[in-house]
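Both complexes below contain subunit A, partnered by subunit B and then by subunit C.
Here is the complex of A and B:
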């Protein structure tokens, strides 16, 4: 088995995370990401004594909220925190595939 | 040559009728100023955590029960990861592994044949923000972000556009009557995605997904168009591409949106911010109690009471009218007359005034009294029309209204007989026509008598006496 991911695999992960990577970084991550995956495989070897799924660090059940309205933000305040706005709308570069 | 068979599966997203959103307590509302129903959770501000709305669980559970699903008693949520501006968190909180309901069914009827459409699952998730695209920019409105949805996924059990339309109509009717959603396809509170493939053999063809079809009739048209497109491809030796389409109503054709990539990159994993949700017997019993009589049972009861199927369906299309009529199901009054009143003059009045039944002065007692008076012939439909405005707008009883209008119903046979003889005398030509076999002449004579009595005669009684007189 290879000790590294392919270049394509690294680029794929980079695309999912929306980050640009340099040629040097790609080479570095090919090895590092593979090590991470191998470590996860090692964890998979643990023999489980029960099949119960753990989804949260607490064992308590969810406590639900009743359907009552709380505080909302003023659109003006929201627009202060976005890179670009237009009136009451948040503006972003055009989204494709819609 | 073997025929092509269509195979269709449908995914429906429906917004739930709650006051607040699913994971935050901001308002769930339609048509407000952009970004005015938004809080820090909806925008995914760092450090915020989701809090689950109990009403969402109740409504989704109600939906799952109506769809005859098995309930996942220990359910959780999952993160569907994707990077897109319509969800600022970078993931949608949905249910992948433990949807609230699985293995259900909906019964539909097409051309008199009943059929069960299996439900693969119904799961809970949050809606994304609404985006408007203009030139090189997209404009985002987060009012819809975090609105609670249920997604209902069928098995690929449908084989015609009629079945697909019947399924969507049935689901809409169920959810509308159970008060789960307002199911407005045109406004987007109910959205349908259709998966369709064609094949001549038992092996399924490559399917195409048609997204977000805007009306039930368009579902039928989109299926027919897409099936024809796929058949033409296959007949020409080409392959159907595994892709997503939208239906263009103006062009009446399916337009490609994107080719589907193999496998998914959503990297689902359990949502750690929302621990397990327990659905116990108590909750199920509580929710079951909130399920009202559904459309199917209403239809059966109406038809059994003698109401025509056409009128039964008309009433069911208007939930307010149907709920009103249901108050009298066991009252013993004539439901055919009751339904005719509701669909006819009362609906016309409500439309004219732009109001609803509950805003009028029509009490249950007055309604029963009206129906009984019509049933016994104490008043006729002409009189009913004359008093309708007062019935709807005044606190007085029906008897008081009739008295105040100076209306006297002629129910006395001897008084009527005199009027009838007079009318027959002055219309001897029509009497001769009738005796010569022109049965339509009786209608004319009837009209003359009603005119003479200014519409205050009991029409059934007049009809009976008139026939007796003519056949002497």
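Here is the complex of A and C:
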């Protein structure tokens, strides 16, 4: 088994994560991501007697809150952190052409 | 310089009540201390102007609780209204929150005064705080050593006595391990004890906020303030409030204590750490506690589970950092895909990118079943193993860290080291149990070694009882300035 991912494999996981990677990073991640993935592969060898799952360690039942309007954040405040805005609208690049 | 901040919270409170000092004296002293120990790089953002203003406002108010006017530091992944919150990341280095986390509301309600936001690993991902975009904090016992992580800045500022109180967060040991490296008391409460509302999410089923302090009693006092149901965090518990100091000082005779065999393996834990643990075990036995060694099934798999669950949850949680609504955003992107990919590529550091990429991969398609689902099954098995131990024993003990703090710069390019550093602290998060650190001695170079105490769900008061016993019996000098 190779000790590194292929360049294509790194580009695939980077695409899944929506993270741009430079040529230099690809080189590095080919080795580092492979190390991590090999390590998590140990899980395949674990034998279990039970199939129950624990998603979160919460014992209380979660309940829905009343369907009432609660506190709201001020739109003007929210817009202060928006990188690119137009009035109360958040601006993003064109998503669909034509 | 005045020395009020070397006093206990109770003593400070008395002076405030008798009007011998003012909150402003405490705040100015804290900033003097912070300025003097700038070399520790314990803080990312200071809030001096507002802290002074708040201290002055308190002069007309009645001293109504023990924490009135006490300076506190808050880890920089807990949001503070109008005070920059970066998560030690470039992607949030201009982010000003527009609301307070629930725990911040609670500390404000007690009139504690926030002096600033502490340094940490980027998005709490790391075990040394070296992944911080703002450079690593240093260990006050030896500035060439790491402070631990991810709550390294909080641990360093308590250890160096810059402020008496701090908040940290713990996803896989991030309160306990730096507390161990820096020789302070840190508690990761039961999952659900403290509201996570306003804690920037990393691994949502693991994250928990907790107090970091100079001693056990003040830790319990601060936890009293932080807990309680919060409708804005549906995983927060409805448990009644209680006084966590109530068992402190009680006799430990008859206490049943378990030590997992995994925690004393010589190929995992260094001999100086094991020696200290054995001394503590002897001390407990001499004082009427029973200590027995036990096996906890699947505990050796905890690191692998952590990798899968924490990276998986992180990849989903950190999807929100997209350059659209807040934080860093790349200029003039060609289309939305480039906006996302370049913002995230430039904005996140190496450790964070690795974890998001691996997490996304582990959750994609069939992998979700092979890895994530299997991890959740083993997680349940670990929880059951722990509960079986608690049928026979009151508490579990062991070390928090396999060694003392190591040199800054070590392990940065090894993607596995950061997980192995946390091998002894991760199991607790898997099962949602409370775990804490109390110092139990020093190793080579006079670096602190910490005892981990693990309790059953919601048994924090019992943990404080044992911790205070150990603290009192060992009577260690925990102020690095006094030792030097």
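Quick notes on this structure:
Here, the second predicted complex is superposed on the first by the 93 of 98 C-alpha atoms of A that agree within 3 Å, B and C clash if a C-alpha of one lies under 4 Å from a C-alpha of the other, contacts with A are read in each partner's own complex, and residues count from 1 in each chain.
Convention: contacts are C-beta pairs under 8 Å (C-beta built on N, C-alpha and C of every residue); 3 or more make two chains touch, one makes a residue touch a chain.
Given the structure is predicted, the values throughout are model-derived calculations rather than measurements.
Legend: residue contacts after superposition of the two complexes on their common chain; A:56 is shown touching both subunit B and subunit C.
Applying the stated contact rule after C-alpha superposition, one finds that A:20 touches subunit C and leaves subunit B untouched.
The partner that reaches more residues of subunit A, of the two candidates subunit B and subunit C, is C.
Of the two partner chains placed by the overlay, only subunit B lies in contact with A:86; subunit C stays clear of it.
In the superposition on chain A, A:67 makes contact with subunit B only, while subunit C stays out of contact range. When the two complexes are overlaid on their common chain A, residue A:94 makes contact with subunit B and with subunit C alike. When the shared chain is aligned, subunit B comes close enough to touch A:75, but subunit C does not.
Across the superposed pair, subunit B and subunit C both touch subunit A at residues 16-18, 53, 55-60, 62, 65, 73, 78, 81, 90, 92-95.
For subunit A in complex with subunit C, the residues that touch the partner chain are 12-14, 16-22, 25, 29, 32-33, 35-37, 39-40, 42-44, 46, 48-60, 62-63, 65, 73-74, 77-78, 80-84, 90, 92-95. Those residues of subunit A whose C-beta lies close enough to touch subunit B in the complex are 16-18, 53, 55-62, 64-73, 75, 78-79, 81, 86-95, 97-98.
Taken together, the subunit C residues at the contact with subunit A in this complex read 95-96, 98-99, 191-192, 204-205, 231, 234-235, 237-238, 298, 301, 304-305, 307-308, 315, 319, 322-329, 333-342, 344-346, 348, 353-354, 356-362, 364, 370-371, 373-381, 383-384, 413, 415-416, 419, 430-433, 457.
The part of subunit B that touches subunit A in the complex is made up of residues 18-20, 24-27, 33-40, 43, 51-57, 76, 83-86, 131-133, 135-142, 257-258, 265, 267, 270-278.
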